[in-house]
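Below is one structure. I have some questions about it.
When the chains are written out, they are named A, B and C in that same order, and each has its own residue count from 1.
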Amino acid sequence: MWNLLQIELFKIFKKPRTYLAFAIIAAFIFLIQLGLYVNGRDWMMFMLGSLGETMNIEYDKLVNGYAVCYFVLNLLLVHVPILVALVAGDVVSGEASMGTLRLLASKPVSRTQIILAKYAAIAVYVFALLLWIAVISLAVSIAVFGRNDLVVAKTTGLQLIESGDVLWRYFCAFGFAFIAMMVVAAISLLLSTLSENSIGPIVATVGIIIVCTLISEMEIPLYQQYIKPYLFTTYMLGWKGFFYIGSTADGETIKGSIQYLPGIVKSLAALLLYIAALVAASVYIFRKKIFYPKIIL
Amino acid sequence: MKTIMLILAGFQFSPITQAQDIQLLVQKVKEKINLVNDYDAKGTMKTNVTFLKVPVAAVNVYFKKPNLLKIKNEKGISFIPKGAVNINMNNVLNSGNYSVLDAGNDKIGNTAVRVVKLLPEADTGDVILSTLYIDAVNQVILKTKTTTRDNGTYELEMSYGKYIAYGLPDKIIFTFNTKDYKMPKGVTFDFDDGTKKRTGGEKLKNQKGKMEISMSSYSINKGIADSVFK
Amino acid sequence: MSTIINVSNLSKQFNEVTAVNDLSFTVHAGDVYGFLGQNGAGKSTTIRMLLTLVKPSTGTIEIFDKNLFTHRNEILQQVGAVIEKPDLYKYLSAYDNLAIFAKMSGMDPGRTLLMEQLRMVGLAERASSKVKTFSQGMKQRLGIAVALVHDPKLIILDEPTNGLDPQGIADMRNLVLHLSREMGKTILVSSHLLSEIELVANRMLIIHKGKKIVEGNVAELLDPSKSLVQIETGNDTDAREKLMQTKWAARLQPDNGCLQLKMNKDEVPLLISDLVSAQVQILSVDPMHSLEDYFLSLTTKPGHVEPVAD
């Protein structure tokens, strides 16, 4: 299995499109950082809105590495699924269109192993992608903007997390984002096993994410009640839960706490369930796949 | 009958005596406060505002005559209410001319206090009216209510300990008006983690916020550079 | 002689289409086994079943005396294949392609061996070039190298000369002969051209519409002296009895409802003369097509060509 994983990784990381994702992310984050470096104060004033009328706010301190990273993640993580799909959607179908898939399937490894090795290789890719995001958005931002308390804006208000209480939340958030992205990867994998070209699964994955996100966010009671609880996109934003800090009755934050841990655990469980189901389906379909001679098709 | 007359006369004249008395009391309080040219106090600040969740912060409070005051969170970030500059009584008592009006007696907790209203003579300033609740025995202000033109009404409650001789409180509770906080639209999706959301109708309009500063130590009249207040 | 492939009663039904119909054949160790049939005859489907790419509807496949479906990985470790066209990673170099498929077959051959393989197919100098820059012939050769990299005992080549120029076809033929003669490999090679098969194969199977037509030694099947002549007489039983008394007895085919003799066409006048002297009433003498003629009839007869491409 380790052998297979190595082969799959080799194939993924020899493909130019793999690095495209890294380049896009670097460019995206750099643009945000540049923007905030120049206009961070204005951005913070905009974010805090009317609060500036009643409070004296040290805007410059608020524009720190942690805040920049939070802002980056808010904007970026919604788009990372596209980059995940770009690679995961191609992993089976790309080989089907090249013809190498049937050669793989005639090798002395089981089809289950092939699919699992492919999924594991995608996991490594997703991990590398998130590590890359973490390094650029967190480490570089901290180096450039420094470290300070993090203010998180929710629709219900603002909360301030002390500088020393932030880093672990990022680690957890990235960990959660990894699981969330692996759901996207599993969708792409499944679609990839069904397709003979790589564009289809990539576009279909992105389409599914867009539609599910829209339904998740629509405040229509029918959707909210009966559909939303079953959509994976409902749980994708769970990483933010790590930045919703617990507080006492009079609004004093409790260091090291999470406001609603069960919500995050539930999201995590839902996402893992999605992964299990989607990967199992992919394995099933690939095992049943018939490599028809052209004559039959 | 004569005695009764005298007593009545006494009652009749008492407002005048009280007025002089109150001027004197304010003067005494002011003198006490004037002993302090500057200070640098260390303490903790607790904020209680509906839409703000912040930790208890370690703060330094810097003051310099005549009216410079700065609350600083050296380690992190704190939101300081705009009227907080008035937590120093110097800023209230030494800010221009005002007329002193006696507003009778009251009680704060178990302590008897004199109630004084200060009306600024100039009507251009931000402050419209200040009400002081003064502990006449210790010659310190326990509570103030200030109505301002731009920053609403705010209240100060103070309790004293070690630094009572300088009229500097150990604990200050600052109550102020807050406006509703609205997050800019389209900035981010909230994660629905299962906690109950505020319903649309319930607005955070003109609510009260509270800030509580507990001082652990004052370093008085050691001199502070102006740059601290920038 | 040990058996390498033993296929019995193999059938594959794709919905309405019966691609392979009750097919049985045997490949022996050391054979270059020609798998001949026109396009769409069921060759590709059969080969795919041998590689577990298509699951048979009925029948059994044994390779190396083991059931293919219960010993799949064990068997496939010893099998190398090029299916229709060489399947390669176009964005990888020739060397990387070879290394990947070697690993897939469970071996780690090291650089020297891989380069040796590339040298054998004449691609050593292009080892680090990406496959997308290769010509069809180069791809085909690399495909062969991929099929051979793990030193399999059985090599399956599906239409290996498709798309090759005459030189490429000659090279491929030489390679097959080299693998068989010098390296002792067993090779199953499919083609729709008899001319190709007869130059390399020692045994062959002809299939048509999924059914076996004939299986046997190439030399015997294609021996022009082994033509059949069918004679229609007034009384076949009587004629058979009379012929049994003559030198033609050895040429008589077993009774299958007609009177047939294995013989060269130029012997026909002699046979007629003998029959006349034996007082047999001759109604017709019909020299039957040779195997080659028969196969050509399958592939060239207008209206007989199947509307499919294999």
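Keep in mind that, in the parts below, contacts are C-beta pairs under 8 Å (C-beta built on N, C-alpha and C of every residue); 3 or more make two chains touch, one makes a residue touch a chain.
Bear in mind that the values here come from a model prediction, so they are computed numbers and not experimental data.
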Farthest chain relative to subunit A (centres taken as mean CA coordinates): C
Nearest-to-centre chain - CA centroid comparison: A
Geometric centre distance via CA averages, subunit C-subunit A, whole Å: 53
Subunit A-subunit B separation of Cα centroids, rounded to whole Å: 49
Centroid spacing, where centroids are CA-atom means, of subunit B and subunit C in whole angstrom: 102
Contact footprint of subunit B on subunit A as seen in their complex: 46-47, 49-51, 53-58, 61-62, 74, 78, 148-149, 151, 153-163, 165, 217, 234, 237-241, 244-245, 247, 250-253, 255, 259-260, 262-264, 266-267
Complex interface listing, subunit B residues touching subunit A: 46-56, 75-82, 84, 151, 176-184, 187-195, 197-198, 204, 209
Subunit C to subunit A touching residues, read off their complex: 14, 17, 19, 39-40, 44-45, 48, 51-55, 72-77, 79, 81, 83-85, 87-92, 96, 100-101, 103-106, 146, 308-310
For the subunit A and subunit C complex, residues of the former touching the latter: 3-4, 6-7, 10-11, 14-16, 98-110, 290-296
